[in-house]
């Protein structure tokens, strides 16, 4: 299979070669697509790829429609994720998803669901706000045992700095658009995570649990290639 | 002495009544004023007020000029503060100034110098970055014993949230314009401190060690009035 | 009771120790939580803490559901506040909440309700816009007799500067998201309050009546500890 | 003289007709122009117009050069203004320029110098900060006797709202780029003045003492035309 | 009647003295007030003032309720304005309201209705976009005959600069929140009007037809006072 | 027909002369206009112009109303475009509209429909995201054969840089408001397209498929004039 | 010569194939490069390309150094442009560069110099501010006779809208970073040009005279290819 | 050695335990520290840690002073990096640093120097701008063979999306503050990288070559721990 192979569906050019290039079929971003378009793209991907096929940010109604036409899939309502096929076996990569408050739940759910779908072993820890520091300190060893930690936090995003100082493994920070006023719909958390005093933290887009999971997949995929 | 009394110096209207209204003579903001103007204002304040007279953000050259003409003053170069008269006795208010990094030093110095000048008892703790959480945890008891804590922090300003969760006393956060890129010259820290998940933190202007000290003075002043 | 004690509810880690650390049980931020989650958290807090338990920004429907399951609470619809238990006796701290216009009413209501719930003695003054300066001048003595003044103001937020110049006690400014156009949903008021020419004013997040009340509680709590 | 007449100097097209259209020769904005260019433009304006000719924001060196070549002019160093010819007689329009602090001095100076140059009768009041409200209250009657008030204020710009509520005549607010941090180089004052709760205030560009004076000139010019 | 007289309605402090200070009763900003509150405030104003009483930004339902209880008023649906009493006679001040496109209609309507209500003589010219310059040039003489021109324009707001260069009388620019993308809901027009190359233009808040009319009233009021 | 001719409809001044000045009748921007207003304007334009008459951003309901009263028109629902009359013959100008994802579809549709309506020969290529570079490389020759390429892209807008480096013909970039978080509703794509490292790219407003098509029409119109 | 040919200079990969792809050798952006680097790149481009070689934004000192080592070049100090080889013959494309004020001169100079260098026939018109509309109206026919108009304007950028409404040919707007306060260093002009009510205007980056000239070159190049 | 061990130098609290927690001694941020402070901190770190000791963003003068007092170090002037001790042996992790233009050189140099110092095997590729796509395509296989790719890019930052689509391994994007106008000193590149259509890219702060290298070290460190 050629790494540059493309299926032309007129409304979409399905990147069939991505699985060979990056170890994972192209993931489909749901918003703005009709159920019919999603069905067509998913059908292409299932036929010509062998790995998990994902559609993100799908509402329940669309999910029901698509699942009725493309059998074998499942829907995770909290994460908004449609999924066909899981990896044959987990890749043996321990990911911990830590979130700062119950408001961050749905973003953490997307990160967890996508990461699980692509074969990572995911543990989640909720409500680890830095205003009660003992909550993060009591899971310190669990964080340190992870291959990677995803930190999901809105408001001021300080949890990323705190976790970044506790562990030596990669920390992927996800700013969340919760909060009000000076939170600026996640912009403040995004900026604060970039300005963090903890060295080597990386950041993905606001609310992008998907992006964090895909970044973790890149780590796992690259790690597996190495002898 | 009337609380609304004013001296008209043509270029300035000196608010003589402020000491009666707020327990402290008007403080002079140095930038944009000539040495001659500062000398004139300070002379008025010394004559008609009895408390400490402060000029902030003064460079060394201006300070030398003013001190040569208005005797009895001192200059704190690190804090950029000119001062005449200290309070007769400290007011018995324990203020701790905590800063997040050596880059925040001059702002912390302004906060400490002004607070000391107006009669507070100040302790300073430097370099308490949240990327090494043990540094803040080891001074936890000291923070808890304070009447108020001033947190001086640039970058992402996470130290304010952490301290705010550790102590029950007032926390006054000072965002600092250190850092680069996403720090946006202190705007990020200011926004993050406002979006903090620690309840009841208050914030002053970027780099305003003076503002934090004056806010602490208001606390001490109001506390002393109460039976 | 240990200051770091935590209850793990899976979806939340209830910070039981906060009452010991900060003199007040953890307050619950309502938005984004289901009634069932609120009920569970409140039940934990009531069982293991002794002080007032608050849930903020709750709509009427959620309030009815929660109150039906967790007896003994009351709901303040204007402030959006659920409350169980008041302090045994008021702490003897006089707080005045001043607001600039009728549009600021609900934020002022949240500040007043929360402050009252945690034991402060609250007086409110409405519609003190600076465009009719006599309105603030006529309550000048009342403001000066307060232990702390909370200023709630949208639009340009000038009321904070005016009050800050009239009183010597702590002034906590709450920018409000009312107004249109250049008000930028409260950002302008927040920035203006920080740039205020009145020394020692502190600021909390936009629309955060809760934050202002909690800041006032910190003042009262610290003041009571002092001999 | 035709209202659309233009002199083409290759590098500039001098709007000779403006005096007829608007009652005042075109004013020259100094920055970015060489002394030779300024000399050529001023010479054209003096020859074909009869009213005052102004060049704004000129430094001392440029002023000396231009005055040496184009006789009859004067230079106001504080305002940065070059001026040839005054109106034959003042137009009988009373303008008061009020500024909030000594840092606003140079902007107030530009407003005063330009307004005087175009025939208005100008009174200035300095250092009327709202943190000492008595300072503005004591000049209340003077403000009320004005035909127009120009308010020059940096920081949070609250003085515009206060003056706007005290007088019924036109109020032209000039935000100033003094202050630091949240002042955002005058943006905060500009936004706050627009969001002012005092009805009917108008605003000009940051630091534009010139713009305020020209707006006042429009008022005076239109007023004189009326029977 | 004292210029500082206030009626205290508990939820509002009605500024009765404003009519004496500024020649016009306090205008009521409708949003955020209940019909009952509006009725009470209007009743106070009608009883103790003699000039026109205005409530702005009122929807039809609220208007019907208030008019049923407070007789003698009228409602202008396009402008969203409730009005009781007109001035006994127009003040003889010619105001032209020019707007740049049909999308700016409602803001122009508010400006016209308020200005008419307070006694000005208003002419309106619609759809004078600068992309068809002949549309503004053909009304040039009409503009030049005005005592003041209000320019209502969204998008890039260039109409204000063009009109500002054509007339010598005061120009009050109202940025409008129409347009999309780079229009930033009126912020771009507001900034562009401030950066205008036409000298002496003044600007009011985004969408504030009311503010422009009140600024025009200040001009008329001050002009009438002069001999 | 005079290039400055205008029809005055009271609520609108129809720019009849634009067809002579710019080769195309005035296009009508639909939002904010009533069906009756659109009908009246279109009727004027059809009577006194000879080229295609367009109304943009029209919803289906308004379209049905207008078409029922003004015969001979057609409605393109995806593009939101009402159209009367096509050019007698295409102008022989090959335009390619390339879009980056299915979310950009409606903006690309507006660009295509408007460009076709004014006589250009349009080819569309969908879903050419740069994350699968082979998708743009496989249409490289098609792009190079175009007279102009319109690039429609949201998110980071990188497609404009890539296409700009592949072709020598004009590239008109349209930022799209799709995406979330750091996309800032198209502002990020707009800024990124301006900062592009590919020389000579031009940019139109966010989501303005209409603006891109009109810019292409200018190119075609100017090209046809040349010998 | 292959369109993808690259020379690897270690510190730079010279895009030799660009001339074949886009009709013009790669242009060199001067800032951040040492004279030695510029010399090496220019030498490569001269050897393997046949068209004009440009280095932009070069200061006089660097220019002197480079010209001493790479003979045959010329330096335009006002435009900051180094140039080797002109096109054998002009391409017969009439470009007019219009600027709004003398402060925009250097940006207009860069546009003119680069456009001339790549074979266009350039006319420049200076100081066409919209505050004196007759200045643009008197060059109306000249503008209409152009193949393309580049509008260089700072402050509010209104000139682009005015010119866009007068001509039917392509209009390329260059926002300029002159002005102060609300000009926001060119951001306001950039936004205003995008929000322009004149249809089909395109915009390039702030101060990018180079970008405008290159966009014009794309137009000329594509036009020449057409039969 | 305890992971929470701290040395208190009064002006700094050296985080001795970080090497045990995170596999690397605390790195020192140079700006704002005196040479004496740097010397003291480095001496502490060398005594109580065993790994490489780094000081970043050091100018030549400071470097000379420090190296004279603390022997055994080296200075990389291009990267601004002071270094003592390299790891005993490289960790066998292949990092490629790709930069988009010669202006990005110093940031790429910091990334390379820091990564090399902490034991990674670094390859650098310069001047891979997307405007000449063949430049990135010709190093495609080299990129694909990397364990991680750091992409350093200013302007619009599109290189990150292109590389992100070509490789499956982790991609760490570093926005650079080069460019002008719409580049907004790196903010545009930062936002664009977050909005990238390539899934799983992560981003660090503007100009933070150090941050990217530390993020890569986390990957290598975590990878080595795994069996």
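Every chain is named by a letter (A, B, C, D, E, F, G and H) in the order it is written, and numbering of its residues begins at 1.
Basically, a residue touches a chain if its C-beta (ideal position, glycine included) is under 8 Å from a C-beta of that chain, and two chains touch if they have at least 3 such contacts.
Predicted model only: the values in this text are computed from it and were never measured.
K.L.:
If you apply the touch rule, which chains end up adjacent to both chain B and chain D?
P.N.:
C
K.L.:
Which of B-C, C-D or B-H has the same interface as B-D, meaning more than half of the contact pairs match by residue number?
P.N.:
B-H
K.L.:
Counting shared numbers against all numbers at the contact of chain B and chain C, is it over half, same, or under half, different?
P.N.:
same
K.L.:
With chain centres set to the mean of the C-alpha atoms, which chain is at the far end from chain H?
P.N.:
Taking each chain's C-alpha mean as its centre, the farthest from chain H is E.
K.L.:
Express in whole angstrom the distance between the two chain centres, defined as the mean CA positions of chain A and chain F.
P.N.:
36
K.L.:
What is the distance in Å between the mean C-alpha positions of chain D and chain H?
P.N.:
Spacing between the chain centres: roughly 51 Å.
K.L.:
How far is the middle of chain D from the middle of chain E, if each middle is the mean of its Cα atoms, in Å?
P.N.:
25
K.L.:
Provide the C-alpha centroid distance between chain C and chain G, rounded to the nearest whole angstrom.
P.N.:
Going by mean C-alpha positions, chain C sits 57 Å from chain G.
K.L.:
So which bits of chain H are touching at least two other chains?
P.N.:
Within chain H, the residues that touch at least two other chains are 101, 129, 131-132, 137, 165-166, 181-182, 190, 194-195, 199, 205-206.
K.L.:
Can you give me every chain pair that touches, using the contact definition above?
P.N.:
Listed by label, chains in contact pair as A-B, A-C, A-F, A-H, B-C, B-D, B-H, C-D, C-E, D-E, D-G, E-F, E-G, F-G, F-H, G-H.
K.L.:
Which residues of chain C touch chain D in their complex?
P.N.:
For this pair, the touching residues of chain C are 100-101, 129-133, 137, 155-158, 161-162, 164-166, 179, 181-184, 188-199.
K.L.:
Enumerate the contact residues on chain F facing chain E in the complex.
P.N.:
Interface residues on the chain F side: 4-6, 10-13, 15, 17-18, 26, 29, 31-33, 37, 175, 177, 186, 190, 205-208.
K.L.:
Mind pulling up the chain C residues that touch chain B in the complex?
P.N.:
21-24, 27, 144, 147-148, 165-172, 190, 194-195, 199-206, 210-211, 213-219, 221-223, 225-226
K.L.:
In the complex, go through chain F and note every residue touching chain A.
P.N.:
101-103, 105, 126-129, 131-132, 134-135, 137-138, 178, 180-182
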